[in-house]
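Structures follow.
Heads up, the next two complexes both have subunit A, just with different partners, subunit B and then subunit C.
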Partner chain A sequence: MSERPQPLIVGAGPAGIRAAEALVAAGLCPLVVDEAPACGGQIYRQRLVQDGRSTKDLYGSEAGKAERLHAAFAALEGRIDYWPQALLWNLRDGVADIAVGGTSRRVAYDGLVLATGATDRVLPVPGWTLPGVFTLGGSQVALKAQGCAIGSRVVFAGSGPLLYLVAWQYMKAGVEVAAVLDAAPASAKLNLIKALPLDPGIVLRGARFVAELRLRGVVIRSGIEGLRFEGEGRVSGVIWREGGRERRLACDGVGYGLALRSETQLADLAGCAFRFNQRDRAWLPVRDAAGRASVAGVYLAGDGAGIAGADAAERAGERAALALLEDRDLAIDKARAVTLEAELARIGKLRDALETAFPFPAHWAETIDDATTLCRCEEITAGSIREAVNRLDISEINRLKAVSRVGMGRCQGRMCSAASAEVLAAATAKPLDAVGRLRAQAPVKPIPLALQLAADLPEAAANLPEAAE
Partner chain B sequence: MPLLHRIARKDHPVIAFTLDGAPCEGRAGDTLLSAILNRTESLRRTEFTGEPRAGFCQMGACQDCWVATETGERLRACTTPLQPGMNIVTGTARVA
Partner chain C sequence: MSRHLDIDVAIIGGGLVGSSAALALRGMGFSVALLDKGFCGAQASGVNYGGVRRQGRPREQLPLSQRAHAIWPRLKELIGIDGEFLRSGHLKLARSEAEMAALEAYAEAVADQGLDLELVGHNGLRERFPWIDGSILGASLCAGDGHANPRLVSAAFASAARRAGAHVLENTPVTGLTRNGKGFALEAGEGIGLSARVVINSAGAWADRFATDFGEPVPLSRIYPSMIVTEPLAPVMTVNIGMEGGGIYARQVERGNVVVGGERGLPLDDPDFSRPRGAGALAIMNRTAEIFPALRHAQAIRFWSGTEAAMPDRNPVIGFSGTTPGLLHAFGFTGAGFQIAPGVGEVLAELVRDGRTPTPIDAFSITRFSRPPVPPENHDRTSHGSGAGPHPEPQSRGAST
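So, the complex of A and B:
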């Protein structure tokens, strides 16, 4: 190996795994840092223990992909350094601070692949903080990784492909699904015709989910408005409007989400330039077709750089690794790089079509009741944010944060930044990109105050702490 | 009534822990969040309004599921595997 520090890959989901594989194939030994105890990311997340269910039970039509990815990563053992249950909490100038096994380690790296993934995007609605209301992704984690249902009679609400997938998975697992409430109007689904030639499988699978849900008597409603959750101490029902009429259903669990939101804090700390993406309604780190960020030696792959799904993440991870190799003047398979970019372009078109079938209900931001909690961490209401905006004539999101503390809590804006930007834009009658971008700050997630500071690790870490079982 | 209910691992080995002083049983493979919410209906109360919370994202992003041990150590319930002998304080003092 060279004397240069090893490359650092953040995230062991589809993008991170394929990036690691490509670097190893070229003779490099990357350090892979991941928060989870095992590889797979959120979509191919593994259980803590076996539980009698097959990979087909867990991952459905994607079981083969999950198995191949898990096997690919297992095959890298001994050829990479892998820190599971590790939080990269700060980055600057080729040095990363990583909390692992009760210690914070400082690691120098040469080449950084950020494969940080995504979480659910949400807009606050009344009752969204009630126990029993989880994100769609969280509902899926409970079912897949923990073998637990979020209730015995469950409603799924929001938008995005995950809405129908999770509802179907719960139904298949034998849980009563009371309703699927889709924020998008029924007419939006006609846009799936555009997606059909790009990937017939994914469109037909979605159609099958809907048909099977209907067959089991699950109420499916489109174009819902005025969504709220009610309950004393925990959720006991969901209320919505359709066609001017108010409807109500009893339930004891809710999965809620409005598609996904890229996890971009580390790209921000790495100094990457950002650009507003109209489709995702978010500021995303700028990258070229290969995944190169605006900062030399930083590469972006997977949903953390823009929502494109797991199939794209695998390809983007590999392509980003090839870019890293090219930039080190190492030989790469150029034809492979071209193929990957062509496939990414095709999947990108598919995502554009899917997005028009599940449009984000941006107009909800105007109608969020003043009494509704917008920031879960600091318990700040939509009303107090609007009041601050009006009283202090605020038109920029970081100023709003400084004044109202929205985005300053433990989640660092992960759950509220999309909503606070939408509310600020609506309150000031400005387009979303005009209210600015919430800047990331270290630590990107809470770290224990008692963390021991380990000696600096200029090269990496042969002596990996045995954090996981 | 617990918030979550199991559809797998029902007969996995028992892991004993305490919740607000009461003896509880989780199952091998549980996160702390799953173990607690299979027993009761919330994880904590908020600092400002005291309303109950039971987590939200279950993937370590929202930070809404932090609980404390009796010795004051703070744990993010959704990413912490349940360990035998954990003594968890939720502050909700309401065990089903």
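So, the complex of A and C:
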């Protein structure tokens, strides 16, 4: 082994696992850092305790993929360094600051694979901060990892493939699903015909979810507008408009989300160039087909670099690792790389088609009520953002943050910047890409003031294997 | 698109100095253009710590500082917002007898300047500030000092200048500046030309290039003070905190967040931007948790950093150019500009109108850098005692001068 520091992989979801596997196959020993207590990422998240549920119960049709991925990672034991429950909170000049086990460790790396995943994209509506209202992803985590339902009578609202999947999973788990309220018009689903030849399985699976939900009497509505949640102290109902009429449904839990957003702060801290992506309506780190970022030695894979789903993430993780190996002048299976890129291109087309079936709610930013909280951490409403924009002639999102506090709180804009950028763009009648993007700063998530720097190890020694929890 | 402006005064740099000068000049009836290469107040003026204080400044800065002191409580009437200015008092802590002696010496040296410093012993600290760790020996309190929100104050001065009729041109870098017969010709942004009788160079960390263009090179360097912000916490810190000899400085804002400084960041590839160092930030955070036990379990939620201009003698450059009639400089505040900037704006306006100001500013002349060099004093006052890093508190240069 050379004296070069080891490669660093951030994230142990589908992309991170396949990247680690490919690096190990080539004889490298990467360090894998992950915030979760066990591998799998969000989609193949493992339950916290054995609770009698099978992988089939947990992952449905994707159980085979989940099992294979978990097994692949388990097989790497002893050949990688793995730090679970570790937060990489700062990156700079080839050194990462990682909070793990109560201390902060400084790790020099040579080659960085960012497989940071995604969170729900939240477009606030009135009542979204009421207890009992969860994101779709949060609803799924509760079920998968904790074996909990978010309520006993639950409504799922928003849009995107996840909407139907989570509703179906809840139904399967025996929870009463009161309704599925899709913001996308029914006619948009016709676009799924374009997706059919690209991946018949995924389209048919979606159709099966809908059919089974209907069969069990779940109310499914498309093209809903004016969504809001009501309740005193806790959500007690959902209100929406449909064909000009207002409707109301009682419930004690809501899963709400409109597609996903990539976790890009670490790419930003690593100095990667960003480009606006119209499909995701977000600034994403620039990467080539293999996953190389604009910064030498940085590789991007999975939903953290652009939303494409778990199947794409597995392939992108492996491809990014092959790129890292190529850039170290190590031999790789070139045919494999070509295959992976071709599959990624196909999945990319599939995502394009799916996006047209679940289009972004175009008028959300113009119609969202002034009183609705946009930034939960700092309690900033849509109205106060519009007021600041008009009063101070704001046209850029970092400037908006400076004058309004939006994005300044605990989440550092991870939850609110998509929505506030939409409102800023609408208020200034500009395209979304013209208002810029929030600059990332460490720490990417909160860290304790008393977090101790690990005993001052020399840079190379900082890479010694750490006993995994 | 081309455009021409014929004005009395062109101000290069829309920080707090430039924008307060613009506001003061409009009040005197001058026509003004305020130019910034980015957004007004987005650099040092907007991203500093937010200390509004006189305590600890070298004696020669105090008349100017006192002048600014009178402006801060009037922000609401002047710029429309109070800028979250709180006259909380500023408490400078001593960890050793030597540091306490330095605080005493400073209090004596500036006793005639009206700061009303009060020395507080160990018992007094326990009684009045029980939230400070017992390892602190004593302190010096300046009850009239306080703190404010820099990102609000600086932008609001620029907005007020605009409302008062100044041409505020943001995202408009000055690309050409030449002296002609009656004054100056400027080229800026995309095809904007300006003629001005007077030019004020208040370009902060970018000011040296304009000074050099007029034959006045200055030993300006860049510093990147960087701040750590906690989650909102129950009110505990009643005063703005500094430390003799450097280390950390901290204040709690009304919303409950504690802002902690002391770390210096490093520039990015684009040197206009910077980020804190991870290890440096941690050291400051740990120190904060030690000195303020109530913060022991707090979380740091964000950092910020910015670019500031520093001069080797830690005094700013303020006043007329030594080479070029009609040119004024005001830059190089070395991490201590926030409190005095509104006073500097008034002084600059007086210099434009009258050619002089009643506030003594001779110590800040740019010509001090064209004199034969004198051997530098050893200013390394932080080598002893501070476990938190070698960077003294901005807005305070201690009692050494």
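Annotations
Following the convention adopted for this analysis, the second predicted complex is superposed on the first by the 454 of 469 C-alpha atoms of A that agree within 3 Å, B and C clash if a C-alpha of one lies under 4 Å from a C-alpha of the other, contacts with A are read in each partner's own complex, and residues count from 1 in each chain.
Assume contacts are C-beta pairs under 8 Å (C-beta built on N, C-alpha and C of every residue); 3 or more make two chains touch, one makes a residue touch a chain.
Since we're looking at a predicted model, the values are computed, not measured.
Contact with both subunit B and subunit C is seen for A:P448 once the two complexes are overlaid on the shared chain.
Shared-chain residue A:D120: touches subunit B; no touch with subunit C.
Residue contacts after overlaying the shared chain place A:L392 against subunit C, while subunit B stays out of touching range.
In the superposed pair of complexes, A:M408 makes contact with subunit C only, with no contact to subunit B. Counting residues of subunit A touched by each partner, subunit B versus subunit C, the larger count belongs to B.
By the touch criterion defined above, A:Q6 reaches neither subunit B nor subunit C. By the document's definition of touching, of the two partners only subunit B reaches A:G137; subunit C does not. When the shared chain is aligned, subunit C comes close enough to touch A:S104, but subunit B does not. Within subunit A, the residues touched by subunit B in the first complex and by subunit C in the second are 409-410, 446, 448.
Per the touch definition, subunit A reaches subunit C in the complex via residues 89-90, 92, 95, 97, 104, 106, 269, 271, 392, 396, 399, 402-403, 408-410, 412, 439, 441-443, 446-453. Touching subunit A in their complex are the following residues of subunit B: 1, 3-9, 12, 28-31, 34, 37-38, 41-43, 46-49, 51-64, 66, 74, 76, 78-79, 81.
By the touch criterion stated above, subunit C contacts subunit A in their complex at residues 39, 42, 46, 151-152, 155, 159, 230-231, 266, 268-269, 273, 275-279, 281-283, 285-286, 288-289, 295-305. Across the interface of their complex, subunit B is touched by residues 35-37, 42, 47-49, 51-53, 85, 119-120, 129, 131-135, 137-139, 141-143, 146-152, 173-175, 233-234, 252-253, 263, 376-379, 409-411, 414-415, 445-446, 448 of subunit A.
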